[in-house]
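Letters A, B, C and D mark the chains in the order given here, with residues in each chain numbered from 1 onward.
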Amino acid sequence: MDLNGVEIEDTFAEAFDIYVSKFLITAATQKFAKIAADETVGFGSSVIMCPAEAGIDRYVPPNESPDGRPGYVVMICHPKKDELEHQLLERIGQCVLTSATTAVFDDMGSEADEKLKIGYKLKFFGDGFEKEDQVAGRTVYKIPIMSGDFIIEGELGIKKGVAGGNFFVMAENQASALLGAEVAVDAIENVPGTITPFPGGIVASGSKIGSKYKFMSASTNEKFCPTLRGEEGVTCEIPDGINGIYEIVIDGVSEKALEEAMKAGISAAVKIPGVKKIYAGNYGGTLGAYQIWLTKLF
Amino acid sequence: MDLNGVEIEDTFAEAFDIYVSKFLITAATQKFAKIAADETVGFGSSVIMCPAEAGIDRYVPPNESPDGRPGYVVMICHPKKDELEHQLLERIGQCVLTSATTAVFDDMGSEADEKLKIGYKLKFFGDGFEKEDQVAGRTVYKIPIMSGDFIIEGELGIKKGVAGGNFFVMAENQASALLGAEVAVDAIENVPGTITPFPGGIVASGSKIGSKYKFMSASTNEKFCPTLRGEEGVTCEIPDGINGIYEIVIDGVSEKALEEAMKAGISAAVKIPGVKKIYAGNYGGTLGAYQIWLTKLF
Amino acid sequence: MDLNGVEIEDTFAEAFDIYVSKFLITAATQKFAKIAADETVGFGSSVIMCPAEAGIDRYVPPNESPDGRPGYVVMICHPKKDELEHQLLERIGQCVLTSATTAVFDDMGSEADEKLKIGYKLKFFGDGFEKEDQVAGRTVYKIPIMSGDFIIEGELGIKKGVAGGNFFVMAENQASALLGAEVAVDAIENVPGTITPFPGGIVASGSKIGSKYKFMSASTNEKFCPTLRGEEGVTCEIPDGINGIYEIVIDGVSEKALEEAMKAGISAAVKIPGVKKIYAGNYGGTLGAYQIWLTKLF
Amino acid sequence: MDLNGVEIEDTFAEAFDIYVSKFLITAATQKFAKIAADETVGFGSSVIMCPAEAGIDRYVPPNESPDGRPGYVVMICHPKKDELEHQLLERIGQCVLTSATTAVFDDMGSEADEKLKIGYKLKFFGDGFEKEDQVAGRTVYKIPIMSGDFIIEGELGIKKGVAGGNFFVMAENQASALLGAEVAVDAIENVPGTITPFPGGIVASGSKIGSKYKFMSASTNEKFCPTLRGEEGVTCEIPDGINGIYEIVIDGVSEKALEEAMKAGISAAVKIPGVKKIYAGNYGGTLGAYQIWLTKLF
């Protein structure tokens, strides 16, 4: 298939079940909300070695937030529910509660499969001086801190979502592949319920499972490394004329959200001169519950 | 003591030993170096519940870096050396190696107590296709990845540094305390070998050790919570006229670096109208190896 | 009147007729769209001495723009129609056409009183090599440039709008007034068809008309200067307990848009501790066509 | 000549005399200093149709500025001295004086050919309430404004500098040329006494003098437009394999500063894969006083 002159490979992204939380961090200013959100989702690119996969879903303007202040919705994801709960307690406790002027509200709403008592548990930081209150019809806790009060909703919803949506931007050089990946991330930013957890939304070092070294569970995907083309022992699978590849990885609240994000991202990437092909990563369908076929997106 | 009309309390910040790593992340552009650095130091405010304390030390312009590209020096700190090594492997492996166009170089140089083989260990991601090379006289590994090659110096230096340098900015309202804290962070940014690991460099929720709840190892410092003034059971220690308090916490490569950072930060904060007092947190000298007296800084 | 414990003075903002243009700058990435927009609206705070009043209205995500790319809507305003046309030709010609990967589309749509042939006139830069084309049903010109093609819609709409909507944030110190002003600007950012043309949206130096120096048409409003309280020859009109004042000035496509922006901004400002009073600037109704009474907004 | 595998054309950049001002804008925080600087240098890409050429020279940390606060040095340039003075009065008066918490200091020091009484003239905004004062040995004026006092040094130095330093980054596609231009701008940012006045430092639409339309003094440089290759009536001068070109234009305090900036920028650009050639623009030496030969820089 061809989109704007760019070949869309007839393959699929293989995606996995994951538990997803989605909540809103507000602050006095957009700047302080962004500072808190960035700290909260940091060190959160992949659960291969990070304690969670995390990212910013979207900006919420003051007139759309429960407390009339600007904020960012963040998503934190983990394959195990109890680990996700740990991560919520640690990341909100250390990165939001400690941030200037912040508050936390649920953003999963009626989509939630389950509610975790995150605010309820964090309130004990108040050492007995915390108080229950209401903001816009939501039950919150007011925890007195040195700069004023920290407000957090008692329960935050989680649901089963989907991780590992992905596509590769292949281009005639590294700069084109990178610009193609950047515009894809800009486009995906606008798809609700999805994040691109890697740094800047982009993966520079897509990997394969396993390695010749037994102690490594994942290693470089040498078949797709441009600098290994022609190297002995490498079966290069990079088409001729491709010299740069970046991958976009997406986590979402649902398969449908992933599909929308992949479609928006690919549609943007193919507009960049030098982008030649869109590809996707999978394990032959043996590992993940979901197969998102690139050509069916369009 | 009085500085620019602001009272400097005659007390000390109690600080602790910590292991510190300090390395440079370069990238094609300043923007991509910043993206990688931010991801690497995220979820890194306090080892109470974060896996490390981390922050950006300084910007390095292209003409001062080993590979002639712009970069950021980041510091990652942990009380235990083996945990610090784990953190370096995980954070560089997941947040820098995966970032577009990045490379990693040691920035501890001859100050290092010890060299950890971080680059040497991460090179195995190359699955045998990695190669040893030299950049500006440094031994590096070139790891082929999908977007090109990732370069990392074989060994990164660490040293014993000092954590928990701190001061409180006390002001007549929250906004003044916050602006005082912001200008302090801007000033500390320019002191080499120091970071302010909390979000935006500022702590909104300074804590005390222990709690009435046995399962909490730390809790809100109710004696310094403005909204608890006059509350039954609270011995308020906030001076009259103070209604907002933010804390700055600093980790550094040495006690001297901490002192410089605290001096720079306090000197900036006292210029903000509404800032009334500078204070510091300690445990009576029972816990930390270092006592940094505020009044001796000036 | 009292809002969240803050006094709303029973006075009005006096506003004026002005010609307003509103157009969309798109680019490959959000970053490049922002660079172009910032350059275009710079040196554009007040027509007292700037060649125009200009600002960013809002961000437009890729799926809502005519060419499927991210962009920013900017507004450029001038009391004289022919000067506005000059400014559009100069600012788009020098600040957008020269920016990497940009395009320009009308954003006034059916609200326009009149269409100016801005794209039609700028196309002559193509020296005969320009071509007429269509994008999303709009007539555009493709102008070949060194980096590719620059696309601009042939006609850009303008209308009679309203300038000089304003309010003063008065607080117990400068930091509170500043934070109050910042949150007001964040809130106004979300009101379509309005801009806050001063730097960061905030006026630090509100002025009065005239001066004791004959060559000055405007000068400091000494009655509202906190550092002149008690100075001989000054009739201070600042209420007791106020030590910092910032003004927000708003231009909009209509009186209704101004009212919404003022309401959103004031609603946000009154939430900041230390903000004591909201005031507005006028000339007794002698100069402007519009009187926007603060208390009628709520 | 060849640099990192990229051809450096044996040609020269033709540069011109221009009057240059260089001054420091400080503010309470780095953020507010940046806001003021950005507004001040906006609408300042080229004097072809902008009222000045302007840009940010460098960041100055708190411990290196006269008032101990963070700031940005900006440069404003104009071929005519009286126009430069006008621009200084207008841009400082409207974009810095109006910005929150700012102050202005000379940064030309002993390099100045002449001192303009900019602060002396702007002080009349104080309507008689302004006062002379000293900051770090400099004579300043304190002008009372609504948010506090605005401080400005009485005299700001100007000198004869050089405008129009330039080079072209030619690459196999637009993305590579753009990334090459971006890294060049990052590198030039670190060369003191130079600015890249176009948006983001990059020119997307390099022009030739004159046009077939008599009313146009400049028009697109069709010989270097990739989309016109093969078009009838166009003598394409773009080498084979080049499909994207961006130009960097530099103004500086001296020819030496321009040379350093061009060298730094070119050295960075040639590292980007896909960049094929560096070129420069001139008028055969008939117009400008300076010829900066590319190959002599290395």
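The rule we apply is simple: contacts are C-beta pairs under 8 Å (C-beta built on N, C-alpha and C of every residue); 3 or more make two chains touch, one makes a residue touch a chain.
Since we're looking at a predicted model, the values are computed, not measured.
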Between A-B and B-C, the pair with more C-beta contacts: A-B
Of all other chains, the one whose Cα centre sits farthest from chain C: B
CA centroid of chain B to CA centroid of chain C, Å: 39
Chain A and chain B: spacing of chain centres that average the CA atoms, whole Å: 25
Chain B: positions in contact with at least two other chains: 31, 148, 174, 178-179, 244, 272-273
For the chain D and chain A complex, residues of the former touching the latter: 31, 171-176, 178-180, 243-244, 272-274
Residues of chain C touching chain D in the complex: 32, 35-36, 38-46, 48-51, 89-91, 93-102, 124-129, 143-150, 168, 174, 177-178, 181, 198-200, 202-207, 211-213, 215-216, 218-222, 224-228, 231, 234, 244-247
Chain B-touching residues of chain D, taken from the complex the two chains share: 28-31, 61-63, 68-70, 148, 179, 182-183, 186-187, 189-190, 264, 267-268, 271-273
